[in-house]
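Look for chain A in each of the two complexes below; its partner is chain B in the first and chain C in the second.
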Partner chain A sequence: MSTDPQIWVQAICTLACYSYLIKENPAYRVAEYTLVALYTSYNITRLYHSFIKPYFINYCLEERQYYFIVMGLLGLLLYARYAPPQYRWLARYPIALQVGWGLGGSLARSPRPVFTQVADVMRPLNSIDNVVFFVCFLVVMSYFFFTVAKESKFIQGSGRIGRYIMMIGFGTAFGNTVQGRISLFLNRLTFLLTDWIGLSV
Partner chain B sequence: MLNLLVLAAEAPEVKWGIFVPDDSTIAGLFLALTMGILVYVMIQRARAGLPIPEIRRIAGLEAFEEAVGRATEMGRPVHITTYYQDVGDYDTWAFWAYLAHVAKLCASYDTRIINTNSEWLTMTVNEEIIRQAYLEAGRPDAFIPDDVRFMSDWQFGYTMGVAGMIAREKPAANFLVGYFYAESLILAEAGALVGAIQVAATSSTAQIPFFVASCDYTMIGEEFYAGAAALSKEPVIYGSVVAQDITRVALVALIIIGTLLNTAGSSFVIDLIKF
Partner chain C sequence: MNWLSKLDTIDPRWVYIIMAVSLVFPVLKPLGLAITIDETTTVPVYNWVESLQPGDIVVGDIAFSGGSEGELGPQLQAWFRHCMTKGVKVIMVAQWNTGERLGYTLLEQTAKQLEGEGISAEYGVDWVYAGYKPGGTTLWRQMQIDFWEACAETDMLGNSFQDLPLMHRFRKWDKESSKGIMAFVAGSPGLPTYTTYFPDYEIYVGNVAVQVPGAMNTLRAGQIKGLLAGLPGGAQYEILLDTPGRAVKLMDAQSMGHLWIMALVILGNIGYYMKAKSRDQ
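On to the complex of A and B.
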């Protein structure tokens, strides 16, 4: 049995997490709250050093780049949702700004990766692999026609075959990942048996 | 040395004077502009009540009402969540259509709704959506702000928190809607353990297999967005989905032509797309 307290903490936390498989219990709850609290406290410290210190203290106060105050004030407006009801609408402005920035960024970045994939799909039909790929591509795509030709029996039948093809793909991905998860579990089991209990496996 | 090599290298030619010399920059711009015009036209048609193509029936959408109904009968809450999605992500916008639908159902059936979050800004919008649903149902007092919960913005802190909450609150319906990562199977298994009826909708192709295996209904890929449009009937979302569908069909037609030309030895379409 290990005498290292760090190994003991790891082992107890691992067992507390796995105890969830029997039922929800106080040990799991302690592990859950500890994990969430640890990350929250870590994150508060990280955010202070990544944002508040450089942008407010260094740039704004020390280097006198006062325009950072505008951003800070916009951020503070988010707390208006805790204000009396007549002032809560103020919290919508920073959210609107964030939404606009996010959607604009998505729009600017989106078309190119799509075209890279589209260009890659157009392979010459000179091998069985490419023909199978092309046929599978067409039937799977037809499953995702929601408005155009939705009454067509051909598109409906093609979409049904597309769904079966996707299920084969999903099954492969599922099996692959389950194997990965089992190896993660084996890693934990090895830790418990060798590092903690001290068995030679 | 590396700097010298960079300086010695010939400067890449800028496309049309302003575009970076990467593949598909100009073609991508034209696609964005064409789609923008198409989306605008379809939204205007939807707003004006002019005929636009209807979205086909999506299996799984009816399951939302069925699941909320079951939760009401059992007197247990409904849980709905999306993983880390910023307010600017289009998955979040689609999620909000589902959230509004589920919140309206819960408010009208007087069923408790729990929403867990890992993104604080999205959480504030979620809270407003649920509050509005209760207000519209004439039950503003039934809305419980503490049921819109922030778990953690760290993936497995959030996952552990949601799994624990599901085990304690035992929701009868578990809706997993949006873009998910490795937490998908853990959340779905937590729901399965308490016997919840589970509906998943995601565009994350890597996570679809887990939802298909562990949920009662799964909406896959683009079905997630089309479902949002069908649920909300909001002209902006509906028009966008119709425009996307038309673009998708046009791209498939382009791919067929391009593949046939490529087989015949011409790379005209590929060059056009890479322009």
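On to the complex of A and C.
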């Protein structure tokens, strides 16, 4: 059994989290709230030391790029939403800048990866894989044809096959999800068995 | 209603207990089940690192946190070991602040092991951890123009880039200075950062299993060149490296867990079918 207090804290928190499997309980909530509090405090401290402080020293003080101060002040305006009602509108300026910048960047760049995938659908039908892929693509698309009357037997039939193919896809996703969750549990399990209890695995 | 129709209402606590037993047993006493190497996903990642020359620089990204460490940690450590063994230099960034410190801890552990084996893994010379920087994709674009400025010329530990010899070869993040990107991703922000803003780069991904079906499209379309898929991806990489580690040890338990889930799916369906049949009668 470990004698390291850090390991004990980790082990107790791990067990507290898994206690949720039995039912909601105070131990789980303590672990949950502790995580949120730790995350917030860690985040603020890290950002200050690794970004705000070096930026201020390197660029504002040493290189005299004072416009960084303007940007900093603009960022602080986000907190104006907690000010008296007559000043809350000031918070809209940094948000407007962020949204405008983000949208501009996204509109310029985001279509490319999507169109790369659309282009990839158009493959030569020179292998069984590609033929199967193309047929599956068509029948799945036909499931989402809302402009053709559903009375059409052909659309009904292909749409039904498309639905089965989608279900196979969802089954794959489910299988991977289970695999992922088991992996995460195994990580905690090996921690409890080796680091905490001291078994050799 | 016979006992078969009760199969779809098994008490979840029994499910968890049997799952726990089926996972604990193989961890304590490995069964030695076979692990197949995936030629389309894992091998391209391995071949990419193999093709690099000593001194080449690659960039890695920590886009996961503690919740995904079980899957992505072994991948990261195996890939980092491979790079260091080949003499490839690694610069790490982190898209997730919650995984920043964790990523550093994992790399430092591996670096110490490598140093113990006589393989150079000196911080600042062989690898640097720039860490998390706020600003999202906007900042990642800035890194392509001026990596130093985007990172405030400081690594995660507070060292100035001026004092880290490797960083003098990496002023900006472009295709000439880096021979590829290896992103370990568990969600958002993650892979889209690279397929959107680094589309012409050699991109490789270490992914959590949940996201693998979604990432397969990008692999097929050539947007990424290789993919380590969950814990099996890590295990396969460890086998390719001939250094079986954490992931290989856990694969038996992974398989047993899957068998139990498959059994539950079959039992649940039998129960559902029998209940519907008895209702019809």
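The criterion applied here is as follows: the second predicted complex is superposed on the first by the 162 of 201 C-alpha atoms of A that agree within 3 Å, B and C clash if a C-alpha of one lies under 4 Å from a C-alpha of the other, contacts with A are read in each partner's own complex, and residues count from 1 in each chain.
The rule is simple: a contact is a pair of C-beta atoms (placed from the backbone, for glycine too) under 8 Å apart; a residue touches a chain by one contact, two chains touch by 3 or more.
Since the structure is predicted, the reported quantities are computational estimates derived from the model, not experimental observations.
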### Task
Would you sort A:47 into first (chain B), second (chain C), both or neither based on which partner it touches?
second
### Task
Return first, second, both or neither, reflecting whether A:197 touches chain B, chain C, both chains, or no partner chain.
neither
### Touching partner for A:22 - first (chain B), second (chain C), both, neither
second
### Task
Could you tell me if A:61 is touching chain B, chain C, both of them or neither one (first, second, both, neither)?
neither
### Message
Quick check for you: in the superposed arrangement, does A:69 touch first (chain B), second (chain C), both or neither?
### Response
neither
### Message
In the overlaid three-chain picture, which partner chain does A:166 touch, first (chain B) or second (chain C), both, or neither?
### Response
first
### Query
So, A:101: does it touch chain B (first), chain C (second), both, or neither?
both
### Which superposed partner A:110 touches (first chain B, second chain C, both, neither)
both
### Message
If we overlay the two complexes on their shared chain A, which of chain B and chain C does A:183 touch? Say first, second, both or neither.
### Response
second
### Task
Decide which partner touches more residues of chain A, taking chain B and chain C as the two options.
B
### Touching both chain B and chain C, residues of chain A
39, 43, 101-102, 105, 110, 112, 116, 119, 173, 177
### Residue numbers on chain A that touch chain C, as the complex places them
21-22, 39, 42-43, 46-47, 49-51, 54-55, 58-59, 101-102, 105, 109-110, 112-113, 116-117, 119-120, 169, 172-173, 175-180, 182-190, 193, 199, 201
#### Entry: Touching residues on chain B, where the partner in the complex is chain A
22-25, 27-29, 31-32, 52-56, 58, 86-90, 121, 124-125, 151-154, 156-157, 160-161, 163-164, 167-168, 185, 206, 208-210, 212-213, 220-223, 226, 241-242, 245-246, 248-249, 251-252, 254-256, 258-260, 262-263, 269-270, 273-274
### Parts of chain A lying in touch with chain B, wherever the complex brings them together
17, 20, 23-24, 28-29, 31-32, 35-36, 39-40, 43, 78, 81, 91, 95, 98-103, 105-107, 110-112, 114-116, 118-119, 121-126, 134, 137-138, 141, 144-150, 166-167, 170-171, 173-174, 177, 181
### Summary
chain C contacts chain A in the complex at 12-13, 16, 23-24, 27-28, 67-71, 73, 97-98, 100-101, 131-134, 136-138, 141, 152-154, 156, 158, 192, 195-197, 199, 208-214, 217-218, 220-223, 229-232, 246, 249-250, 253-254, 257-258, 261
